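One chain, chain A, links the two complexes that follow: it is found with chain B in the first and with chain C in the second.
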Partner chain A sequence: MGYFLTQLARLAESTITAIGSHLTIAVGNIFFLGGSTMFCFGAYALAVSQKFGLDPWWAALLSIVFSFFVSFLFVLAYIKLSNDSFAVFTLSSMLAFEALVKSWDDVTGGILGIAGILRPDNLVKLKQLVIFQIILMVILLFIEFVILKTVLGRSLLGMRESRNFVEALGTSTKRTGSVAIIICCVLAAMAGVTGVWRIQFLDASFGSIAMLVQSVTIAILAAKPQVRWLMLSAVFVTFLPEFLRFTPLPSTMIGHLRILIYSVLLIVVLLTISKKLMPQKRFI
Partner chain B sequence: MSKEILEIENVSVKFGEAMILKNISFNVHEKEIVGIIGPNGCGKTTLLNAISGFVPLESGTISYNGQDIMGLPPYKRAQLGIGRSFQHAGIFRDLSVEDNIVIGLEKAEKYPWYWMFTPKYRRKTANIVKDSLEEVDLLAHRKSLAGILSGGQIRLLELARLKLFHGNILLIDEPTAGVAPVLREQLAAIIKKLNREHDFAIVVIEHNLKFLFDLVDKVVVLVDGEKYMEGKPEDIQKDKRLQEIYFGGSV
Partner chain C sequence: MFFLQILLNSLVVGTQVVLLAVPLYLVYAASKIYHLALGATGISVAYALYFGLTSGWGWPITILFTLICAIVLGLLSFALLEKLAKKKEHLFGLLVSFSLGLCLEASMALMFGTDGKFFLSTPLPTINFSELYLTVPGAITLVVGIVLSILFLLLTTQTPWGREIKAVSENSYLLSSLSFNASLVRATVLVVASVIAGFVGIMTTFNSTLVPGAGFNIVVLAFIALLVGGVHSLKGTIVAAYLVVLIPELVVGLSSGSYSVSLSWKMVIVFIVAAILLTWKPNGLLERRERVE
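Presenting the complex of A and B:
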C-alpha cells in the first residue's frame, strides 16, 4: 500500500511540475528549464518557514508567494536574453540554487539538510496527503485545460510557430511568455511543497537534475498542446523506471539508473518524435 | 487630397555591413492602395518589416497618423492599427481554421480573458467566425487544422482575419504567392473590398504585375534597395528604362 501511495504521490508531483514545463516548452516553445529550481525553492521556502515556527499551511502559502516573486527573476532574464542564453540561464539557476543551499548552513542546514518537516494536521497520514496531491493535480490540469482555451493559451500556441505572427496581431509575446513562466514557477513550487511534506526531509539533492530531466521529458513527450497527452506522458515517464525494482539490482543503483533512463528517453524523444509533434518554426 | 496616414522618410536598413534599404521615402494616403515591386532581394519585404517594427532602422523616420512609431515594438504598432500579412502567410497551421480567426478577433475586439465563458461573447464570436469564413468559402473547414488548407485557402483565411483588424492600413506581402490562378481573382476582389468597404489603405508587394496594376493606385519601384521610381501604374508601365533594366524588355 505504501509503495502504491508513494508512486501516486510521485505521479502527482511530477505532473504538477510538468504542467508548467508543458505550458512553456511544449505549448509556447519557451525553453524554460527553471522548473526544478522552483521545485526546490518552493520546498526550501516551506521548510525554512516551518523551521522558524510557521504553521504548515501558512508556510505553504508563504512559499508560493515567495516563488511568485522569485519567478520575476526568470521573467527579467526572459525579456533581456536571447532564447539560447535564457535556456542556459535557467539551467544554471538550478546549480546556483544547489550551491546556495549547501553553503548557507544556518538557514538551510547545508549538506545535512532539514529533517522533521511537519505535515499539516489534516494531512498527517500519507494516504491523506496523496489524496490531497491527486486532487491538486486534477485541479491544476483542469486549469491548464482552461488556459489553453483562453487568449493566453492561443497566443502561446501561436508562439510555437512564430512569435512575429503573434506580435503582428497586437499581442506582446514577452508578456505572454512571462505569464507562462510565472505560472510554471508557481506550479513547480506547489509540487515542491507537497513533495517535501511527503518525505518530511530536505537536502540539496531534492529535485535537482533528476526532476529537471523528468519534467522536461514529460513536457516534450507530451508535445501536443493537450492535457490528455500531458497526463499520458506523465504516467508513462513516472512509472517507466519502476521495472527496475523487480530486478536484482541494489537499491542504491536504482536512483542513478532512473536518471539514466530519463536522459536516454529525453534524447530519443528529441531525436525522433519531437520533430513530428512540434510544429515547424516559421520565418518572415 | 486625402490625409497621409503613413509617412516613410529616408529609411535605411542595414544587415551587418550590407545596406538593404537606402533612403527610401514615400507616403500612403487614406484608402489608397500602394504597390511595391522590384526584383528579388531588392528589399521589398524588409521595407514592410521595417514599417511593422520587425527590423530596426539604420536611419530615417516612419510616422503613422502623424505619430512617430520608431520606438514602438511590433505589437504596439499592430495595436495602433498597422495590420500585416506575411510572405509565407501568417496563419498558424497548428490551430484550427476557426481559432485562426478567433486569435485575431479577440485582440482586435479587446475581448476580456474570460470571454469564452460568457454566452454573449461566445454568440458574437460564433457569428463573426461564421460570416468571415463564409465570405471566403472556408466554412466547411471551420474545425480543420489550418495546415491542411491549400496555399490559396490559407491566403483567403489570412485576408478574412485581416478584415477584422481595427486599423486603417494593411501591409500585404505577396498575396498570390503559391496560389492557383483560379483563386487570384477572388483574392483581388477581397483586397479591393478591404479597401473600398472597410476603408483600409493597403501597401501590397506583388510579383504578378497584371494582378498588381489592376489593383493599385500608385506603384513604388525598388531596385537594389533604392527607390527607382514612384507613380501611377500606367506611368510605370511606360517607363522604357524600367522595362529594359527590370522587366526584361516589356511589361
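Presenting the complex of A and C:
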C-alpha cells in the first residue's frame, strides 16, 4: 500500500511541476528550465521556516510567497537575455542554488541537510498527504485548463506561432511570458513543499536534474496545449521507469538507469514530435 | 607570493574553462546550438583513457582508442543535432544536447560507478618556480590552452574556414547553393569540439578525480564565460573565462579574519559575478553596439 501511495504522490508532484513547464515550454515556447530550482527552493523555504518554529501551513504559505518574489529574478533574466541564453541560464541556476545550499550551512544544514521536517497536523499520515496532493493536482490542472481559455492562454499560444503577431495585436509578449514564468515558479515551489512533507528530509540533492528532465519530458511529450494530454503524459513518464524496481538490479544503479531512460525518451520525443511544438509553416 | 600562487592556479582553471568555451563557441557559431553535452563528452573521453590504462593496453593504443571515442562521440552529436540545426530549431537542439550529456553521464556511472577514479596512484609531478609550483597536467593545460586559443582566434577571424562556419549558421541553404557542404562543416566542428572537450576532460580529471558528473560544472562555467563574453565574440569569451574564474578565486583566497569566505562559496560568487556582468553588459563584454539602418 505504501508503495502505491508513494507512486501516487510522485505522480502528483511531477504533474504539478510539469503544469508550469507545460505552460512555458509546450504552450508558450519559452524554454524555462528553472522549474527544478524552484522545486528545491520551495522545499528549502518551507524547511527553514519550520526550523525557525513556524507552523507547517504558515511555512508553506511563506515559502510560496518567497518563491513568487524569487521568480522575478527569472523574469529579469527573461527580459534581458535572448531565448537560448535564458534557457541555459535558468538551467545553470540549479547549480547556483545547489552551491548556495551546500555553502550556507548555518541555515540550510549544508551537505547534511535538514531532517525531521514536520507535516501539518491534519496531514500526518501518508494517505492523508497523498489525498491532499491529488486534490491539489486536480485543482491546478483545472486552473491550467481555465488559463488556456483566457487571454493569457491564447496569448501564450499566439507567442508559439509568432511573437511579432502577438505584439502587433497589442499584447506584450514580455509581460505574458513573465506571467507564465511566475506561474511555473510558484507551482514548482508548491510541488516542492508537498514533496518535502512526504519525505520529511531535505538536502541539496532534492529535486535536481532528475526532476527537471522528468518535468520537461512530461511537458514536451504532452505537446498539445490540452490538459488531458498533460495528464496522460505525466502518468506515462512517472510510471515508465517503475519496472526497474521489479528487476534484480542493485538500488545504486536504478537512479542512473532512471535518468538514462528519461534522457533517451526526451531525445526520442524531441527528434520525433518536436515539429508539433513549433510554429506551423504555411506555404502559399 | 601567495597572491601569485592564486593567480597561477586561477590561470590553469581559467584555461580549462577557455578550452571548453572555445568548442562551445565553435558549435554555436556553426549551428546556433549550445552544445551542453560537451562537458559529459569530455568526461566520457577521460573514462575511455582510464579504461585503456587500467586494461593494460599501453599508451599508444590507449591514446588511439581515446581519440576514436572522441570522434565517435562527435559524430553521435552530429547525428542527433544535424536535423535540428538544419531546421533552425536551436532550443530543441539545446535540450537534445543536454539530454545526450545526461545519457553519457548516466552510462559512465553505470559502467564505472560513481566513486572517484585516479589516473595516477602516485602524487602528481610538479614544476617549481622558486616558491611557486604547478602540476604537470596544469602546465600542459596552460600551454595547450594558450596555443589553441590563439589558433582558433586566428582560424575564426582570418581564414576561409572561420568565414564558412559563420556563413553556415547564417544561411546554410545559400551556402549550399554556392557548392559548400554545410553538413560537412558542422560535422567537422562537432568532431573538433569533441576532441578538444576530451582533452579538457582528461586534463581536468588528471588534476582532480574522475567522476561521471564532473563535466556538468565545467560546461556551465564555460557557458557562463560564453554568455558574459558575448556569444559572437571569441575574444570576449576568452577574457570572460579568465574573469569568471579569477574573481571568485581572489575573493576566496584573499579574504581573511572575520570576513573570510570559504571555498564552498566559489560557485555562488561565480554566479553573482556573471549576473553583475550580464546586467552591466547583456550582449557581452566586448560586444559593440551596431547601428541598424
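Quick note on the criterion: the second predicted complex is superposed on the first by the 275 of 284 C-alpha atoms of A that agree within 3 Å, B and C clash if a C-alpha of one lies under 4 Å from a C-alpha of the other, contacts with A are read in each partner's own complex, and residues count from 1 in each chain.
Convention: contacts are C-beta pairs under 8 Å (C-beta built on N, C-alpha and C of every residue); 3 or more make two chains touch, one makes a residue touch a chain.
All values reported here derive from a predicted model rather than from experimental measurement.
Chemist: Hey, is it chain B or chain C that touches more of chain A?
Modeler: C
Chemist: Now for A:Leu157: first (chain B), second (chain C), both, or neither, which partner does it touch?
Modeler: first
Chemist: Would you check which partner chain A:Thr272 touches, where first means chain B only, second means chain C only, and both and neither mean what they say?
Modeler: Neither partner.
Chemist: A:Gly170 in the overlay: touching chain B, chain C, both, or neither? Say first, second, both or neither.
Modeler: first
Chemist: For A:Ile259, decide between first (touching chain B), second (touching chain C), both and neither.
Modeler: Second partner only.
Chemist: A:Lys149 in the overlay: touching chain B, chain C, both, or neither? Say first, second, both or neither.
Modeler: So A:Lys149 only meets chain B here.
Chemist: Would you tell me the residues on chain A in contact with chain B in one complex that are also in contact with chain C in the other?
Modeler: Chain A residues touching both partners: none found.
Chemist: Touching chain A in the complex: which residues of chain B?
Modeler: Touch residues, chain B against chain A: 45, 49, 52, 54, 73-75, 78-79, 83-84, 86-88, 90-95, 99, 102-104, 106-108, 111, 113-116.
Chemist: Can you tell me which positions in chain C touch chain A when the two form their complex?
Modeler: 32, 34, 36, 80, 83-84, 89-92, 94-96, 98-100, 102-103, 105-107, 109-110, 114, 216-217, 220, 223-224, 227, 231, 262, 264-268, 270-271, 278-279, 282
Chemist: Looking at the complex, which residues from chain A come into contact with chain B?
Modeler: Going through chain A, the ones touching chain B are 149-152, 154-155, 157-158, 160-162, 164-173, 225, 279, 282-284.
Chemist: Can you check the complex and tell me which residues of chain A touch chain C?
Modeler: 29, 31, 80-81, 83-85, 87-89, 91-93, 95-96, 99-100, 102-103, 209, 213, 216, 220, 252-253, 256-257, 259-260, 262-264, 266-267, 270-271, 274, 277-278
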